[in-house]
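Labels run A, B, C and D following the written order; every chain starts at residue 1.
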Amino acid sequence: MNKVYGSAAEALDGLLFDGMFIAAGGFGLCGIPELLLQSIKDAGTKDLTFASNNAGVDDFGIGILLQTKQVKKMISSYVGENAEFMRQYLSGELELEFNPQGTLAERMRSAGCGIPGFYTKTGVGTQIAEGKEHKDFNGETYILETGLFADLSIVKAWKADTTGNLVFNKTARNFNPPAAMCGKVCVVEVEEIVQPGELDPDKIHLPGVYVHRIIQGEHEKRIEKVTTRKREQA
Amino acid sequence: MNKVYGSAAEALDGLLFDGMFIAAGGFGLCGIPELLLQSIKDAGTKDLTFASNNAGVDDFGIGILLQTKQVKKMISSYVGENAEFMRQYLSGELELEFNPQGTLAERMRSAGCGIPGFYTKTGVGTQIAEGKEHKDFNGETYILETGLFADLSIVKAWKADTTGNLVFNKTARNFNPPAAMCGKVCVVEVEEIVQPGELDPDKIHLPGVYVHRIIQGEHEKRIEKVTTRKREQA
Amino acid sequence: MPWDREQMAARAAQELQDGTYVNLGIGIPTLVSNYIPEGVEVTLQSENGMLGMGPFPYDGEEDPDLINAGKQTITELPHTSYFDSAMSFGMIRGGKIAMAILGAMEVAENGDLANWMIPKKLVKGMGGAMDLVAGVQRVVVVMDHTNKAGESKLLKECTLPLTGKGVVDRIITNLGVLDVVEGGLRIVECAVGVSEEELRAATAGTIVE
Amino acid sequence: MPWDREQMAARAAQELQDGTYVNLGIGIPTLVSNYIPEGVEVTLQSENGMLGMGPFPYDGEEDPDLINAGKQTITELPHTSYFDSAMSFGMIRGGKIAMAILGAMEVAENGDLANWMIPKKLVKGMGGAMDLVAGVQRVVVVMDHTNKAGESKLLKECTLPLTGKGVVDRIITNLGVLDVVEGGLRIVECAVGVSEEELRAATAGTIVE
């Protein structure tokens, strides 16, 4: 069951179509599928809807697809770092559906787990709750949120074995597992591909059943906000 | 933030009361909180409701609490291995609520994640769906299942650090993480307690935020069905 | 001559598709893993929290922390992964498992399945069966064609409490193979030495062409 | 003399309870970690998937795979654990995080909070704030008492889109500390050198005894 492909373009071959719905992992610029995003840009696929916590920055991450106007709609929790996004949104060129961050993550995970709807307290009494079904449980009010079933998942992991078992690194895990779970097909880019048996079976973050195609590549891994402290005197 | 207690009795001190609802980890006799169950037996707490995938066997696991008639009700998916259970159930001494195994696991996980209800296809058109709300999503019918909010979680892990970060071993993980998540208080028994820093932060199966008290002890780890194969001739 | 247990398992193994994830139930379905055709690679899921289930361990190498959903001691393989029960049924419910091969007490001509309880007699529970039949992409049942009293287990309607409604795709019995199709059951093949007439006679459910 | 940012953070740090898990928002709340009282051990959650957030790294030791919810490079501690976003908000929504300390644009006397958007002006998104205020056990807001125009940010009713309804427990401003109680806001303390009259005068929301 070898799921390894030679390049991002090969791994995406046959999966892209105009108007499709893509779920992408990553938080800010951390753990984003940068190679697959570049390949989607190169493919020129249009009218894309993205479920992604953020929209990248102007020249990195999903931002590069905003520049080429390939994105029709974003489902995100925070888009504050992207000036081009703001311009397109305020001018009405781009649709935007804000989801609370936890609701977005759970909607992805739910879809991947065959759960089409769940109730949450998040957003009750706010704009987010408008038009959504309200229901009381144990005297408290909750709203119904639905699973986000995507056509394609694109995610970034640290390591994969050839059967698709994934391991992530530190906070680069973030949205990647739930995003991977919610697509009909899941394509993963990793820094290193290893043979089956090289990953400890107790330490796999996402089992290969959720992964269909894998590529290995060089990652820029840009840092959004470098913050450091001074080394104290010895 | 040291959560280590000296014994099962100390770790359960102040947490037990008649009529309480306990969620227990384990699958069959694998990964069950055997020391905490023994301690609950010794404490004599009565009219217990247990959410647990199985009911143990007659003289091990939850079975020991059936012998002493401390259990009022079981919420389980499979109880076939326990003759005393069957006797009490068929004679009307014991209440039983069957949950499909995946529904049971998800009900626990949901409660631990602040989700009071979710929809599932599992059980639609069967006894399990009777009296439950039905709702259509994308042309298919689902039923509403609710979160299982327990008074106490008792679980078994392989290792814990003193702050409650947990690691499980192989298929002994099973229901332990979801069971741990759904209780107001979670008490864990482990085979080994280590210092913070000894567990790789990327390889923790359940973060300490879900864990309140920990004990270390000797585990019998009984095997329910030993099945082996012959070594082939060299 | 009807198929025996091993032959039924071997026939069921022909259903396996290369590169898929499969869940095998308790009983005859467990035997299917002994007959996986050459060149077909399948990954077995054990719903207690494992993908990549290996064979039984050698004597003396049993690990109490490593069992399958039938509570039998097993082993791991190089590509094995472990996870918790919520994740395990997440992938089942989410349709990521291609096929389940399960035993049954009764199957109806509309695909209804009953395999979890006999009221007032056998009350063991459904375990993961209801989730499996609701979630996996294809459900294959392997069972004897008739019960001990000689009555057909392929019925017009199930008499026992259901495990799932309209969930069965194919039934492999000791007499042959049948598909659930529009209007009833369609005979796919007869066991070697079993005539179509014998198979029809042993089947209470409607057989369509 | 009103408190400055550092003094507000130091005052907010007094809210921390030993042995709890806490989420600190962006801005002044981030500074709170510099003032954790001696003998008080708290574990900081970063909602992008980390418990046990450590200080900023030394120059040259930044790791692109290790950032906080404000996208700043950080470090790990011995008891750190990492997890995915679904799990992260599971523990937030599930009430396992004892407290969130957050910034705000407006707070109403009934505990309503607005801190995520100004229609047609500032459309960045709520990030994890709506989940936090809905899920954590106690919400403490740290903000300036008035906006740049000198208008009170403690109002009878919020004018901006809400982040949460009736969710704020305590407000720490440059002028003092107020609790949301039955009927309005109750003054807990005034900043050193700020009189109760000044605080009342700067507060548009109802103050109750």
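The working rule: a contact is a pair of C-beta atoms (placed from the backbone, for glycine too) under 8 Å apart; a residue touches a chain by one contact, two chains touch by 3 or more.
Note that the structure is a prediction, hence the values are computed from the model and not measured.
*Asks:* Quick one: which chains contact chain A and chain C both?
*Replies:* Shared contacts of chain A and chain C: B.
*Asks:* Centre-to-centre on C-alpha atoms, which chain is most distant from chain B?
*Replies:* D
*Asks:* Chain B to chain C: how many Å between their CA centres?
*Replies:* 27
*Asks:* Between chain C and chain D, what distance separates the C-alpha centroids? Give it in angstrom.
*Replies:* Here chain C and chain D have centroids separated by 54 Å.
*Asks:* In whole angstrom, how far does the Cα centroid of chain A sit from the Cα centroid of chain B?
*Replies:* 32
*Asks:* Would you give the residues of chain C that are in contact with at least 2 other chains, written as numbers and ranges?
*Replies:* In chain C, the residues touching two or more other chains are 76, 82-83, 89-90, 92-93, 134-135.
*Asks:* Which positions in chain B touch two or more other chains at once?
*Replies:* Residues 106, 109, 113-115, 120-121, 168-170, 173, 201-202 of chain B touch two or more partner chains.
*Asks:* For this structure, give each pair of chains that are touching.
*Replies:* Pairs of chains that touch one another: A-B, A-C, A-D, B-C, B-D.
*Asks:* How about chain B: which of its residues touch chain D in the complex?
*Replies:* 1, 109, 111-115, 161, 163, 165, 181, 195-197, 201-202, 204, 207-210
*Asks:* Which chain D residues qualify as touching chain A in the complex?
*Replies:* It is residues 46-50, 55-68, 70-74, 76, 82-86, 88-90, 92-93, 112, 120, 123-131, 134-135, 161-166 of chain D that touch chain A.
*Asks:* Okay, in this complex, where on chain B does chain C touch?
*Replies:* 27-31, 53, 76-81, 86, 89-90, 96, 98, 100-106, 108-109, 120-128, 158, 168-178, 205, 221-231
*Asks:* Where on chain C does chain A make contact in their complex?
*Replies:* 19, 21, 41, 43, 45, 51-52, 76-83, 87, 89-97, 134-135
*Asks:* Touching chain B in the complex: which residues of chain A?
*Replies:* Result: residues 106, 110, 113-121, 135, 137-138, 140, 142, 146-147, 167-170, 173, 200-203 of chain A touch chain B.
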